[in-house]
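Following this line, the structures themselves.
Across the two complexes that follow, chain A remains constant while its partner is chain B and subsequently chain C.
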Partner chain A sequence: MSRYLLRRSAGWLLMVVAVTNLTYLLAWAYLDPRSNYVGRRPPLSEQQIVNLLEPRNLDDGTPLLERWWNWFSSILFRWDWGVSPTGQSVNDQVAYRMWISGELMLGATILLTVLGIALGVYSASRQYRLGDRVAQGTSIITMNIPIVVAALGIVLLAIAFNNAVGSTVFYVTGSSSPGVSGFLPTLLDSVQHIALPTAALVLVGYAQYHFLQRSLLLDNIKSDYVRMARAKGLTKAQAVRKHALRTSLIPVTTQVAFSIPAIFTGAVLTESIFAWKGMGQYFIETISKNDVNGVVAVAAFGAVMTAVGAILADIAVVVLDPRVRVS
Partner chain B sequence: MTTPVLSVRDLTVSFPSEAGRVDAVRGVSFDVAPGRTLGIVGESGSGKSVTSLAVMGLLDENARIGGSVTFDGEELLGKSDTQMSKIRGNGLAMIFQDPLTSLTPVFTVGDQIVEALTIHNSRMSRRAAWDRAVELLKLVGIPRPQERVRSFPHEFSGGMRQRVVIAIAMANNPKLIIADEPTTALDVTIQAQILDLIGTAQRETGAAVMMITHDMGVVANIADDVIVMYAGRAIEQAGVDTLFADTRMPYSIGLLGAIPRVDKAEKQPLVPIKGSPPLLVDLPDACPFAARCPIAVDACLAAEPQLLAVEGAVDHRAACIRAEEIRAGLIDGEPVYPIPEIPTSSLEQLPREDRKPTLEVENLTKTFPLTKGAFRKRKIGEVRAVKGVSFDIREGETMAIVGESGSGKTTTLLQIMDFAPQADGDIRIVGTSVTDIKGGRAERQLRRDVQIVFQDPVGSLDPRMTVFDVIAEPLRTVATPTAEIGPRVDELMDLVGLDPAHSDRFPAAFSGGQRQRIGIARALATNPRLVVLDEPVSALDVSVQAGVINLLDELKVRLGLSYLFVAHDLSVVRHIADRVAVMYLGGFVEHGDVDAVFDDPQHPYTRALLSAIPIPDPVKERTREHIVLTGDLPSPTDEISGCPFVTRCPLYQTLDPEQQIRCESEVPLLTGRPGVHVNACHYR
Partner chain C sequence: MATESFPLADATSDPLVGGGDTPPVEPGPGERKRLTKWQLYSRRFVRNRPAVAGIVIFVLLVAFALVGPLFAKYDHVELDFLALSDPPNPDHWFGTNNAGNDLYAMVVVGLQRSLLIAVVVATGTTILSAVIGTAAAYFGGRIERFALFVIHFLMVAPTFLLLAMMSNDSGGDWKVIALVLILVSWFFQARTIWTLSLSLREREYVHAARYMGVPGMRIVLRHLIPNIGSLLVINFTLGVVGAVMAETGLSFLGFGVKLPDVSLGSLIGIGASSMSSAPWMFYFPAAALTLLTVSMALVADGLRDALDPTSAAGGRA
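Let's turn to the complex of A and B:
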């Protein structure tokens, strides 16, 4: 098993390196850090611009190959992913923002997975009855709400609620308030901030697991081994819980494992609406500011997370399904 | 008489469907006495499985159930799922048809047996339950039960899984075991093992058995009492000897007449029952079999006949108004079913040597490499699917290859159909060697001469093509002028006994037997010399199967075809084939004229195979000695230095050590009378 994982990880590492380098070259084809300075008042002279960009390895006057080697060797030997056109360290940004995104997405992912699977089980065991139809109908609607609409709607509701109560229960922007200290106050403050974006993410996201779990479980409920389990003396509910659910969870788990990268790469729109300074927002920001090093770092981070998700999915399948043996 | 364990009275089951209410079971009554075996026989759709599921309370929730089911003095109908779950698996156990799907893949077999034990016995310790599980596995004949108890189902073969299912059924010493087609999905040698085992289970637990099957041979082998079901009703009910010796209801007679017998040499045509069972929606008050019955009279349509005692005998009842007139399959001195005429071929008069060969196969070999690695495939071994097989087929001859699943029969067929060039041998079709085929044109030319009919009549016809297009497709491929295609399709439809007016319908509109006829018509479209048949009747019900077999017989004579026939059903092979080869682990172990091989089997494997088939005659069946092979087919990846059958061979066990060494080290060759009857055993 560990040898297999090692081999898989090595394969993924190669892939990540290739993708990252390719992104670097592509980024230079489309982004132009120089344009950040072109419209300045008072106008900067050519030499001034070069003087700003050159030490940051962002001057397109330097040959591309040299720029690439500077960039690549500094990652390779010093783990330094470069700086933005304004001189901020990309390393610092990613290290800080990844946890902001994690804080937001982890809770939401857990909630929407649990909710989706639970609803899936509920409606599969009541196929075509009222409960199933209502649950399915609701999910179809929520699944089709764009996240922007959902987020803004929730913001309006929360503001109305805050007004009605007369104090700020839910914060609609930012991930924390300044000047809060102590464990409990910090926790409370975080919850007040995180509640709304989480609600928005869960609302639009749970339906995919609801439908997936429902259809997989339905396939398994009708299978021979569930009937066999009932013939052994399990009640229908016991047979479904013990025999059908376990097998139907396998494909769901792989899907969840693949969604883990999204936890740290963030949700672009949600972060922008609620003004969370996470990875998603960073992605938009780096592109709009022609931050070549930042864009490449985001892409590399996404690639690593995809690899992690794929390997986690592999592990999950091996753990859950005894038929799969790695060689 | 003892009180019955199970007593079913006037059981009715109906389901809602788009076509209306389907009455799957319409008033069935029977008793099962302790320690006895009741066989319920019928074709698909006769309501036999629904009856068993109704007893178990495992039907879908939308089923409407009426009547009464009393088990051990308790009324079962109307009990809730929770109440039923106390009885299921405890007093009332069930064995299902498909062992490959009836065990949960993600739990060990031990877990699944333990679950059956502890669910009814919450005070049983885990330890005790595991010990009992090991004991049960030992009882059902799983070798090394201590280790195997921790295996997962996929590590077991089909036969072994069915043993596990039986172990689960036996776990709580049930009073009644319901077995729903427990051997249908298994090979004959495994079927014999499982039937023996059900007998053992019955002795160990003293349980009554309700055996549901479509196989008259299995009934004759195992049952004490028999119920024949048709269209949701019992139409004949008797002790097993009476039923086979003095059959009264025409449908039962038809069922018996429709099955080929492995123990009969003479080639009498089979007697098919024409038509197909009625749809169980809005049945009129008439005998449901009347439309298919050769002796139906007007009175049959007046009212549905009741299941009445025949000549006052309480234990023999039949639902036929003419039951009293029928004696041993005869009515007024004539057989109930007129025996169809099958023309004889002029080719058969010619000695075999003088006929031209249509297919010659020399040393056909096929290996599949086993590879490892994700990018760079390294070869780590090979599966020897077919090892040096040679045979020939002459004009107007049927050659059958029989063997268990995994023996390489289908691979042999596919190699021939692929025109696969052989490194160390040859395949010659009507004199043309496949190595001489250069280019697509020559291949298409040769393809006209060889056509194939597949096993599954549902999967082998494109559901989105009309029957006309299905049959016309090979004609178009060989560039038949458009004007000729229409008349040719009509001709072919007519030839296989279908109405040419139906050629604009889609395959879904036809029954299984009719679809197989369409498949045959398609194969005949290009006027082939050789038709390859891969298990052509194994997916069909017996009454329909007889019709297709007769059609194949007739076509062979009329068109002078040769058949290469692959089957696992030896009775069918005996009926249809002229020559037969028995295949084991990729090689022929016995090969020759069908009567020579079947009447005087030499190789221990052939003997075991033949003796394993239950024959539909309870008197003979009781006196027959079954050679039950132990174990399963070895893996074709193993390197075998001597005789491949050594691991299961009953003869090997009786040899002295020096002779055994020869079996283990020297590959036996086919010896005997070449061309007539050869076998590959050192000591036969």
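Let's turn to the complex of A and C:
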């Protein structure tokens, strides 16, 4: 098991390294740190700009290969991801931002997967009855609401709710309030902040698992081994839970891994709407400020999240599927 | 007239081809009237009520995008300094923003832009994914391995980031945005098509064509792709939904379509900044956008019921 996981992880690590390097090279083709200094008042001379950019490894006068090696070797040997055009360390930025985004993405992923699977089981066991029809009708609409509209709609509802109650139950901006201390107050405060962005991500994301789980479970419920289980005397609920559900969960877990990039994209948009200072907001900031090193760090974060999701999916498949033997 | 007589002539010249298009035979006693292919499709489609609602909404939206400008009293870049941040009124049907732009005109232009990008992207993605997916399955070997490597690589690659970088660099030119969107969104569909084509390439007619000496690429185009036609139709409609969402997301962040050009995404972006003072700036573009994506998704759902012979959701026939 551990050897199998090690091998898979090594494969994913290679993929992440390749993606990160490719993004570095592509970023130089589309971002131009020099343009940040053009049009300054008072105007900077060519030499002044070079003097500013050179020590930050952001001067496009240096050959691309040399820039790349400077960047890559400093990550490899010192775990230093470089600095922004204004000299801020990328490591410092990512170090606190990744937890903010990670919290949002992880919470949303778990919630929407569980909700989707639960709804899928519910509607498969009531195929074509009222409950199934209503659930499917709702899901096809929520799945296709653009995340921007969903998030802003939730903001409007939350503001109306706060006004109706007369106190701020849900915060619509930021990931935490300043000056909150103690364990319980901090927990309550972060729940008040995280509830709305998570709700937006879950609202648009759960439906794909609902449909997937429903159709997989329906295929399995009709299969011979479930009929066999029923014939042995299991109740329908037992047969579905112990035999049909377990097999049909396997494709769902692999799907979860590959939907992480989509959740990350959703997180970029929700973070920008809810003014979270996470990786998503960093994504927007780095692109608009021509921060090559920062952009690459965001890409690496996204790729690592995908890889982590894929490895977790591998583990889940091994646990769920008795046919997969890895040792 | 020529087009009407074509299937008839075709059917008489070769009774084996176009079996679905043969003219309906007089029903004998106890025999059900035969349906043509299109009658069958449309009957199964119409049975899905939400899909019919979807196509009606979609047609109305397209009509609104095409005919809407005729009724507009203002141009979308024209500034009305006497009506800044006006709520909807008889003069400005959807209200105005804080610079005095007429929101009705902006929504019409934004809808046109979003629709155009979506249709171009969905067409491009469908063609690209169909050719790459089937060709990879048919040729196998090195071509297949390479195609799958590219697909898996793109699954990990931060495509939205690359998309944002490239379209930001282009300065908001919708043609560049469409092109880049095609490049980063074909691979998911290509993978599905590849999986399906694996069984398709083992069919007798494909073998027969190969032994007759038909060149490989022609087999792919003439024998494999037409056989996944119904999937491609569904992919196209879902591709429209995906493209609209990606484009509006980009434009919302300010990396997509840029002023003076507007899209539904950039309009929502403007509306988001004045949610409490001028909520209509958000309501109208958001409503147009949601109607567009949801209606297309409902149509895709209905098409799946209509075109998939194994689907039971449409009832019998």
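The rule is simple: the second predicted complex is superposed on the first by the 315 of 327 C-alpha atoms of A that agree within 3 Å, B and C clash if a C-alpha of one lies under 4 Å from a C-alpha of the other, contacts with A are read in each partner's own complex, and residues count from 1 in each chain.
In this section, contacts are C-beta pairs under 8 Å (C-beta built on N, C-alpha and C of every residue); 3 or more make two chains touch, one makes a residue touch a chain.
Just so we're clear, the structure is a prediction, and the values are computed from it rather than from any experiment.
In the superposed model, A:His243 makes contact with chain B only, not with chain C. Contacts of A:Pro185 after superposition on the shared chain: neither chain B nor chain C is touched. In the superposition on chain A, A:Pro43 makes contact with neither chain B nor chain C. Looking at the shared chain after the overlay, A:Gly61 reaches neither chain B nor chain C.
By the touch criterion defined above, A:Tyr225 lies against chain B but remains apart from chain C after alignment on the C-alpha atoms of chain A. Judged by the number of chain A residues each one touches, C leads among chain B and chain C. Remark: chain A residues 15-16, 18-19, 22-23, 26-27, 30-31, 137, 140-141, 143-149, 152-153, 155-156, 159, 258, 261, 264-265, 268-269, 272-273, 283-284, 287-288, 295, 298-299, 302-303, 306-307 touch chain C in the complex. Considering their complex, residues 56, 58, 81-82, 85-90, 93-94, 96, 98, 101-108, 112, 115-116, 119-120, 152, 154, 165, 168, 372, 374 of chain B touch chain A.
Interface residues of chain C facing chain A in the complex, by the touch rule stated above, are 50, 152-153, 155-162, 164-166, 168-169, 241, 244-245, 248-249, 252-255, 265, 268, 271-272, 275-276, 279, 282, 286, 289-290, 293-294, 296-298, 301. The touching residues of chain A, when paired with chain B in their complex, are 7, 11, 223-225, 227-236, 238, 242-243, 246-247, 250, 320-323, 327.
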